[in-house]
Amino acid sequence: MRSGYLFALLPIAALVSACSSTPSDSSSQRYTPSPSQAEMRQTSPAFAHYTQDVVLDDLWNRPGLNQRDRSIVTLSALIAQNQTIELPFHFRRALDNGVTPLELSELITHLAFYSGWANATSATAILNEVFDERGISNADTPAMPEQRLPLDEEAEQQRQNIVQETYGGVSPGVLHYTTDVLFLDLWLRPGLVPRDRSLVTVSALVATGQAEQVTFHLNRAMDNGLSKAQASEVLTQLAFYAGWPRVFSAMPVFKSVFEERGVLNQPANDAS
Amino acid sequence: MRSGYLFALLPIAALVSACSSTPSDSSSQRYTPSPSQAEMRQTSPAFAHYTQDVVLDDLWNRPGLNQRDRSIVTLSALIAQNQTIELPFHFRRALDNGVTPLELSELITHLAFYSGWANATSATAILNEVFDERGISNADTPAMPEQRLPLDEEAEQQRQNIVQETYGGVSPGVLHYTTDVLFLDLWLRPGLVPRDRSLVTVSALVATGQAEQVTFHLNRAMDNGLSKAQASEVLTQLAFYAGWPRVFSAMPVFKSVFEERGVLNQPANDAS
Amino acid sequence: MRSGYLFALLPIAALVSACSSTPSDSSSQRYTPSPSQAEMRQTSPAFAHYTQDVVLDDLWNRPGLNQRDRSIVTLSALIAQNQTIELPFHFRRALDNGVTPLELSELITHLAFYSGWANATSATAILNEVFDERGISNADTPAMPEQRLPLDEEAEQQRQNIVQETYGGVSPGVLHYTTDVLFLDLWLRPGLVPRDRSLVTVSALVATGQAEQVTFHLNRAMDNGLSKAQASEVLTQLAFYAGWPRVFSAMPVFKSVFEERGVLNQPANDAS
């Protein structure tokens, strides 16, 4: 190993502990364990280097978006792409970064609707193991909240009118569930605030290459409190977790939304 | 648990039986088992609620598309997205809904060509385990059918001419296999009728975000007998299994096809 | 089984050896083993037939693109789509076809940036097992190369200017890493020549449905030495490993690039 190549031990060690923390019942694990630090250095020293020095030590510590939000963005990208191998590590990291167990439950449920049911099933199986490790449970949380967030009835009526006019003849079933289950139910659940639901949705859309759906949801995210500097860093985080091309395809859409809202020239708190 | 939150036991119990039915050789299972009902309720009571009350009890019982067709749409979406965790459950459900073992084999083979080879390899590994559970085998079925469905030679010649003129200089190899293996072979195999092959193809295209390829195949599906009411409900089913954004990106394409065929205002048998 | 349906044993037998070569520690395998030949013939004789007779015996032996390049294209498509089931087989095949262990490490690292971090993590876990089988290690290779390939400073300055002008206000973070980590670092690593990095990138873009990003990278690939005949066969290989619709969506982009470079009518060495 060349001198000058210093490999900080901690974060990958934490990743490794996924394997070693439950040695006796590893055969019942629901996920493929990530490669250990030694395995990564043996197989791809370059990938081990970028993972540690660029992603874990640099990207995650950038200003503009705090670590809790980076966890939400990263988990949304991983779940939406059904990339389970890093989920145990990032569920633990999210809990350490202050994402609550209930928020994780709501994030998964939100992505069932926004990225396909089975992705949420996979994520639930893995989160269940992470909760077991830590003695966490959401079992006492009601499946249906007693109270819901207030609805902006005018905006919702307008949305329904536009969608009904445009697609009423195409699929009444889709429109029925869009109204009754998504906008009058899911988005009003208090376990995850609307700004975070928007963060989850935008991250999933960029990660799965659905730039054409980003305009509506990025505007909604910024209406719900996401700043321009934060949105800018969401793209930086996603470049690594969804890949450069996905982010470059989303960039023109972010630019249009920033322009329309008059925030394009607002500083992005970049410290690079 | 709140009163009023009644959790119907059966369908999730069936899903759980995936794990418990072969306890002795669970280590040799080729798939990650779905979370059990208890695990889902512990980790994400909200997701457990929507899975049972909205998807299994409501969506699957809607009119407009029967349960056999819903199984074909769902399996196509899961396989095309390489979402293996729910495949054991949905292969069993498809058999229960009347999809034959040979049709499942043909569905997987069709998706090898329309969604990438490895997705079919994963699906075959899992279907093999489900067949073992039920004592089913396709081993006596010839790999190449003795007889093929009749070919519409004029339409096929027209397709070949257009594609040759447009892409003949780009990739002769692609065009060679498109003609010889897809349109003169795969689509003429009698094990899955053309209407069902179209249903598989359209479902896979919507689920993988390829709206630009839907026009040709949705027209072909409707030429092959898929009704407007059925196509409308395909979108409803896919909203859950491929995620809302994929369906909203496909909606304008479905609308154009319905308009061109003069069926946009035909009722969609919606009972919601 | 019909006469005339001859099932060549060897390639699928090699695939099966994934399971049998390490029977004692199969429980610690990081991947789902592919179905054996017997399992494929029991479950889907049709899929077994096309896998052997069309893909392994015919596609892989076509002229226009050698087997080493076909391995690079196939691995790029599988990793970019996170399709792990065929990775053990295709890592072994790539080594047999002359792709070096260091090239495999660089290919995975390149795809971390071009298809999302977790896909590279999954691939590393599996490649580690294949290396163990064969007693291979990259542990003596420095993570950061001592020397880098020469940079075309003028072209790079032009790229930076265009991107800064277009997206400087959108995400300074993305632009920072694009310059410092991608174009001044990753692309200049000598472990994988630029022509092969381009082959990896184009294959991943087509396989994940990002036709809009192909123009830049296909031009770069051809500047880096990929011939028109080779590019044409990349599409043929990807038709099987990414699915027909992905390739048909990429075809117009390939056509435009071929036209702009004046090579559209150049023969494609087609032997079909």
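Chains here go by letter, A, B and C, matching the order in which they are written, and residues are numbered from 1 within each.
Everything that follows uses one rule, which is that contacts are C-beta pairs under 8 Å (C-beta built on N, C-alpha and C of every residue); 3 or more make two chains touch, one makes a residue touch a chain.
Computed from a prediction, not measured in an experiment: that's the story for all the values here.
Asker: Between subunit A and subunit C, two copies of one chain sequence, what rotation angle (nearest 5 degrees) aligns their Cα atoms?
Answerer: 120
Asker: For copies subunit B and subunit C, work out whether under half or over half of the interface numbers are shared, and give different or same accordingly.
Answerer: Answer different: the two copies use largely distinct residue numbers here.
Asker: Could you work out how far the Cα centre of subunit B sits from that of subunit C, in whole Å?
Answerer: Inter-chain centre distance comes to 27 Å.
Asker: At least two partner chains per residue is the criterion; list those residues in subunit B.
Answerer: 27, 82, 209, in rising order.
Asker: Per the contact definition, I'd like the list of subunit C residues that touch subunit B in the complex.
Answerer: Within the complex, subunit C contacts subunit B at residues 1-2, 4-5, 26-27, 32-35, 39-51, 54-55, 59, 62, 64, 77-78, 81-83, 85-86, 207, 209, 232-233, 235-236, 239-249, 251, 254-255, 258, 264-265, 268, 270, 272.
Asker: Across the complex, what residues on subunit C touch subunit A?
Answerer: Residues of subunit C touching subunit A: 27-28, 30-31, 82, 84, 104-106, 108-109, 112-122, 124-125, 127-128, 131, 137-139, 141-144, 146, 166-167, 169-174, 176-178, 181-182, 189, 191, 204-205, 208-210, 212-213.
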